[in-house]
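Supplied in structure tokens, the structure appears directly below.
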């Protein structure tokens, strides 16, 4: 532990993910006393038809 | 916030999802004092081989 | 199945929860072909210090 | 209820999943007083680019 | 990784939890090729007013 | 969206949480093209008896 789960739209490149998990891991070590060995970051990517805000699917929004 | 996550089998159409997230959002506004702007609904769809009930995978059940 | 998880601030009464899970269940039956027997709704309540929007904890926001 | 969610790399066969959900269900019945009828096991499979340990993506690790 | 999350009613003793996480871990090693060092089991306990089946809260059910 | 969920042991102060959610939010904006307005960070805190690694509860480990 700990486990950090990131839920976001599809479309990030592998290089973006690489930098993101590194930055989140650094934040966890600096601010939450986490040890890196047991620290997991999980990325869940969603289609625009599987996420809604204010009752409207991402595919139907202008500002998704 | 809040965040509502719906986990179900694959197979819903986009139009079903559109109505579902609207109805859940309305329920959250009416019964849980939620404001729509920060209200997210996330849909997670699962294959029949990735969900079990009573120890039996959906693909092996008659009533999945 | 399916499973619906609701994540929100603490503060809802039991009666609000009772109506909320009923309304979400009805929405799932009407729009997602769910059968009620296997349909679960889980409520997760959070303290104002355990949820942030735009990088600011709920306890530090005016509009949480 | 209850609900058990298993998050792991892609690559398990259907037969492995079949045995896994059976074994987890048995463990829940024996040690957690669960009744099988309402007991769900959900499997979430992840790509090597969507899971990091110690700040390094699975695709960049030797021991993933 | 992997991560297994168990969601259930409150009321299990520490000893039940101790046996449960051991049995789930063994199942993951035997059937899912998991290595124990990175294998986490998380337990989430819920109040009877925070879980519904078939639209009815656990506190209002006879068979919860 | 997006939503970032942090699962860790109990014991962080409010000030640690304040800095953590800010740092994670900054990481999401810089590396994942996230807009802050819809970006939520949720913190889930666990007791030592509700998290196991390698089949051993946190309360029974030396290095939790």
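Think of it as A, B, C, D, E and F in the order they're written, each chain with its own count starting at 1.
The rule is short, and it goes like this: contacts are C-beta pairs under 8 Å (C-beta built on N, C-alpha and C of every residue); 3 or more make two chains touch, one makes a residue touch a chain.
Small disclaimer: the values here were computed from a predicted structure and weren't measured.
K.L.:
Among A-F, A-E or C-E, where does the C-D interface recur, judging by over half of the contact pairs matching in residue number?
P.N.:
Equivalent chain pair to C-D in A-F, A-E or C-E: A-E.
K.L.:
Same residues or different residues: which describes how chain A and chain E meet, taking over half shared numbers as same?
P.N.:
Mostly same residues: over half of the interface numbers shared.
K.L.:
Report the inter-centroid distance (CA atoms only) between chain D and chain E in whole Å.
P.N.:
12
K.L.:
Starting from the mean Cα coordinates of chain B and chain F, work out the distance between those two points in Å.
P.N.:
24
K.L.:
Between chain C and chain F, tell me the centre distance in angstrom, where each centre is the average of that chain's C-alpha atoms.
P.N.:
Comparing mean C-alpha positions, chain F is 20 Å from chain C.
K.L.:
If I count partner chains per residue in chain D, which residues reach a count of at least 2?
P.N.:
1, 3, 7, 26, 38, 40, 42, 46, 51, 53
K.L.:
If you go through all the chains, which pairs of them touch?
P.N.:
A-B, A-D, A-E, A-F, B-C, B-D, B-F, C-D, C-E, C-F, D-E, E-F
K.L.:
Where on chain B does chain D make contact in their complex?
P.N.:
7, 46, 49-57, 59-60
K.L.:
Going by the contact rule set out above, which residues of chain F touch chain A in the complex?
P.N.:
1-9, 11-12, 16, 19-20, 23-24, 26-28, 30-34, 38, 46, 51, 53, 58, 64
K.L.:
Show me the residue ranges of chain B that touch chain F in the complex, using the header's touch definition.
P.N.:
1, 3, 38, 40, 42
K.L.:
In the complex, go through chain E and note every residue touching chain F.
P.N.:
14, 17-18, 21-22, 25-26, 36-37, 39-45
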